[in-house]
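Should a chain be cited, it is by its letter among A, B, C and D, assigned in written order, with residues numbered from 1 in that chain.
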Amino acid sequence: MAASLRLRGATSGLRYWSHRQRPAAASLAAVCSRSMASKTPVGFIGLGNMGNPMAKNLMKHGYPLIIYDVFPDACKEFQEAGEQVVSSPADVAEKADRIITMLPTSINAVEAYSGTNGILKKVKKGSLLIDSSTIDPSVSKELAKEVEKMGAVFMDAPVSGGVGAARSGNLTFMVGGVEEEFAAAQELLGCMGSNVVYCGAVGTGQAAKICNNMLLAISMIGTAEAMNLGIRLGLDPKLLAKILNMSSGRCWSSDTYNPVPGVMDGVPSANNYQGGFGTTLMAKDLGLAQDSATSTKSPILLGSLAHQIYRMMCAKGYSKKDFSSVFQFLREEENF
Amino acid sequence: MAASLRLRGATSGLRYWSHRQRPAAASLAAVCSRSMASKTPVGFIGLGNMGNPMAKNLMKHGYPLIIYDVFPDACKEFQEAGEQVVSSPADVAEKADRIITMLPTSINAVEAYSGTNGILKKVKKGSLLIDSSTIDPSVSKELAKEVEKMGAVFMDAPVSGGVGAARSGNLTFMVGGVEEEFAAAQELLGCMGSNVVYCGAVGTGQAAKICNNMLLAISMIGTAEAMNLGIRLGLDPKLLAKILNMSSGRCWSSDTYNPVPGVMDGVPSANNYQGGFGTTLMAKDLGLAQDSATSTKSPILLGSLAHQIYRMMCAKGYSKKDFSSVFQFLREEENF
Amino acid sequence: MAASLRLRGATSGLRYWSHRQRPAAASLAAVCSRSMASKTPVGFIGLGNMGNPMAKNLMKHGYPLIIYDVFPDACKEFQEAGEQVVSSPADVAEKADRIITMLPTSINAVEAYSGTNGILKKVKKGSLLIDSSTIDPSVSKELAKEVEKMGAVFMDAPVSGGVGAARSGNLTFMVGGVEEEFAAAQELLGCMGSNVVYCGAVGTGQAAKICNNMLLAISMIGTAEAMNLGIRLGLDPKLLAKILNMSSGRCWSSDTYNPVPGVMDGVPSANNYQGGFGTTLMAKDLGLAQDSATSTKSPILLGSLAHQIYRMMCAKGYSKKDFSSVFQFLREEENF
Amino acid sequence: MAASLRLRGATSGLRYWSHRQRPAAASLAAVCSRSMASKTPVGFIGLGNMGNPMAKNLMKHGYPLIIYDVFPDACKEFQEAGEQVVSSPADVAEKADRIITMLPTSINAVEAYSGTNGILKKVKKGSLLIDSSTIDPSVSKELAKEVEKMGAVFMDAPVSGGVGAARSGNLTFMVGGVEEEFAAAQELLGCMGSNVVYCGAVGTGQAAKICNNMLLAISMIGTAEAMNLGIRLGLDPKLLAKILNMSSGRCWSSDTYNPVPGVMDGVPSANNYQGGFGTTLMAKDLGLAQDSATSTKSPILLGSLAHQIYRMMCAKGYSKKDFSSVFQFLREEENF
């Protein structure tokens, strides 16, 4: 593996130091080498709502980009800023030995890697391919196998945090793959996120993300049910939230992202559930959890019901609202 | 109401100062008066696992007790310590104008108040009756009405925290009832708990407790499902817990009471799910949540399923284990 | 018991023959006696949507009625037809020794029996009190105890079948109570229904009804889910229904009351879900199932979720539609 | 299409008569032609519990077989009976232009068709490939596309009915594919089943099977819950079953396959849940329903929960018991 890694840019050893491992005083030479390494172009495929600000943060850190998106319009802005736009993932792979992919579904990811003009058609040995899409961990594993056959390295690194965190460079990356390559990934991911967590073998980044989001969906619906029940039993919403947050019912959904309008400021529930993390996206992630649970034969009784609830909300006009709108979904009474 | 309150002990106005309201410098006279007030006997009905240490904490604060329990053995210890044991709730009410009840079910509470030899048979005008049992809020409201007819005051004040918290005087009390009486309740409850929270009208103490425990049950099962799924997908349990706890899946069940053996010390999962809060008790509280949801027509999809899961666990040998054993229930594979 | 029964009208032994037991040739004397018995007035309390046509069927069979309803308007029609209207359940009990009650909730039933002017205030010894309301079986048992204390007989006899079956006298009655009294109940119930089924001790009539309706709710939602999924997978609805109905998925909801518009004629789904059995009523019955399951500690995972689904439908504008509209609820996509 | 069919055996038009369409009196010539047609060998891949008796029924109807199974032992019996055993699916395709596949999972089916030595490697133009495996309908569609590219015809024809029905030739086949080919499929399938139902385009056979089995699982669990609740409320099981079966709760699981021991004879519940349709198989089919629901975004609240319940049962020692053992799972109380 060491050999193949040499092929990747001119970035020498320094790249492999994680923040924790970095020697107290790095020599000037090393720093220079690293600064030069930064100028090695990085490929970026998928410039949607998330990919766009992520790519910009790489630019801010001085990385020249090789760009591709199935929608040419998504590339314009980058072209005007002087970045190089190419016409296929294969072309990206020809020109960059570090590539980040940020795509909406498993199918898109498979196409970008294994499609007719996919990355694998022209990938160089030793390249580092980081997929930040949220997809089925078993697909990540499949992709990793194919990438490995070509002598390159694949890591899954899905993100936590929305468009806001992408813009401010505060995403959390959950990274799966060979541990020796983690620092290399961290160099790039650290430009886009404030937390880069190593999770284990390929696929575990996806697994961590899926598990977190499943628990998030469950505790959000639970918070919505508990708040709604309490209100109907005569409790003041703010007081109830305060009680929950000092008790064992406390969770991120109750203390940081409360779904009841009027309880907190600066969250989607304070703004008619605009912005935030859309119900459709939550339904998608729960679909991945469901698939993983089915393939590993793990019972997920609440996770499965949460999936169905978000599925129904999508069909009832909540698809673009923040996922905390489940409170509104449970509460609202219509008169016919 | 003011008039009736005078009837209660010799405690005058001071009793009505909550911690927040207490004047910066209380005069010596007032302190003396209060100290004398402490000597007015307090009635205590129900000396089970929780009632026993709660009553002892009242004793430590200098309150003489008038004791009753349906099981005479439960009173022995107190009798030997010099407290007065009587033979019915009515007799308690005859001798004490402040009474705390701590009983296992709605039926026991109704019996203690409205039964043939219940409190209401001999309650004095102006008495303060505090029910710390966890029961249906609609039953609390019924009891409050009957108590009010007798010219006395009823407050519901269920607790959060288990036997350990009862012993160390660190329970949380959630109090419902007339706000003017809250300080009077707080004087006694503050001897047994470190948090005494005013929740609103009669029944809202129960409502807050029920809502908290329903959310707790949901997030505990959710944590168990997410941890189990993650482990089967190849994640290390400690690492997964760490990731959840720094992400949006974070909840009390993941960061303070993690259900997976080996992740945390000092929690029931580290001790074969011994101690803690039994599955049967959680099933009982979820039954109350279910009843309240049915009577207020509030949808509780996850709460209802959580209820059924804890119901099943009770039938499958988990009734005496801590409620975090749902992880074991979901995980364990039997070979037949 | 035999002695007390003599007190009831002049109806002698004949009344106790069930259809199965009736002797091949009844003597003329017996027939005359029975015909006279028919003229003994029967009390009827609760003349709503169901009670109204039920009472009329008793009239058609020659029974004079003693009528009471909390809404005087509900009695007008009967008064004009010459029946006697009185001003309380107690007055009904004074004038009739066989009474049928048909009320919407447990609370109404308790009021009619045990209220200030309830039946029990003036009930005669040996009276037969039949409650056809659908209520909690534990309430039925309570009422039976109180009735028994007065030397009278209580039976629970909830109905299956809607307003149409009530009009045509084709209801099914599920009867709980002392077996010796069943034939006496059957004499009256047989005028209003085509099936009168003895279920066992008091409360089992309610139990049978509740169990049936819970299973009905589950299989209706299941049918709606399966039909919707099949349609989305490309199957023709009529063909899918046909396949289910010849296979192991067959159920009353698929073969007799299919919820998909266009599959069957003469059912609510063919008429925009008008008529039939309202979603609110199903939610109420599922609430009773939930209560019974909680008190008997029986796990009802699907029953409980079905309850929550009907609860949500009530909040989303489906309360007055037939309960088969769950297909529409699951299917409909709103565009916002 | 007519042209391609000519390529297949010498069976001329007669093959296309369904049982319903067959002329009242077939001429001797036609019968001879058909008899000759019967001698065209039929390929059979997958000779497990189901495939074995199905293949034998084809033999009984005079079809010589070309046999393949990944486990050579499974073929012995057929070899001894004089049938031809080959060493790969490709070899089957080389020697037979009508092939039936009966495999346990989507993965096995994909391997048999598209694998290194799969059918598609040597399939002849105009061949009829019938897959009786129960797999994801989207996989059936994929296979159909690949088969079509080779100029052959693919139909999905999953079965309903267990090993008993396979032995007695009483399976039900649900067939998806080009309608013109249905009669050709029916000729073979009619030898193994008493019902051969045309469902529509490729994949709809699977869809029908999946929808039926999902509804079956739901109504079975519902029946178990309702019977258990009724029994706990004091009803006699046989009487309750009788009441349900004459009421709107009636379903195949209550009237034909009742899960409560003692209610019916000749069903798995009468024999400690031996035989029948295993819990593992039901969990597998529910996994397919879940996948289909996720990909078509159809809400299946009860179906999804049923899936999780069967998943749990598999982990709790019920995997080999009949799926009606859910009654036992819900009911049994363990004492620890």
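Here, contacts are C-beta pairs under 8 Å (C-beta built on N, C-alpha and C of every residue); 3 or more make two chains touch, one makes a residue touch a chain.
Computed from a predicted model, the values in this text were never measured in an experiment.
Shared contact partners of chain A and chain B, listed by label: C, D. Ranking every chain by how far its Cα centroid lies from the centroid of chain B, the top place goes to D. The centroid of the Cα atoms in chain A and the matching centroid in chain C are 56 Å apart. Annotation: 42 Å between the Cα-based centres of chain C and chain D.
We define each chain's centre as the mean of its Cα atoms; on that basis chain B and chain C are separated by 41 Å. Taken residue by residue, chain A touches two or more other chains at 293, 297-301, 305, 309, 312, 315, 330, whereas all remaining positions touch fewer. Within the complex formed with chain D, the residues of chain C that make contact are 137, 160, 172, 174, 195, 197, 199-201, 203-204, 207-208, 210-216, 218-219, 221-223, 225-230, 232-236, 239-240, 243-244, 246-254, 256-257, 289, 292-293, 296-303, 305-306, 309, 330. Only residues 283, 287, 290-291, 293-294, 297-301, 304-305, 307-309, 311-312, 314-315 of chain D touch chain A when the two sit together in their complex. Chain C contributes residues 305, 312, 315-320, 330-336 to its touches with chain A in the complex.
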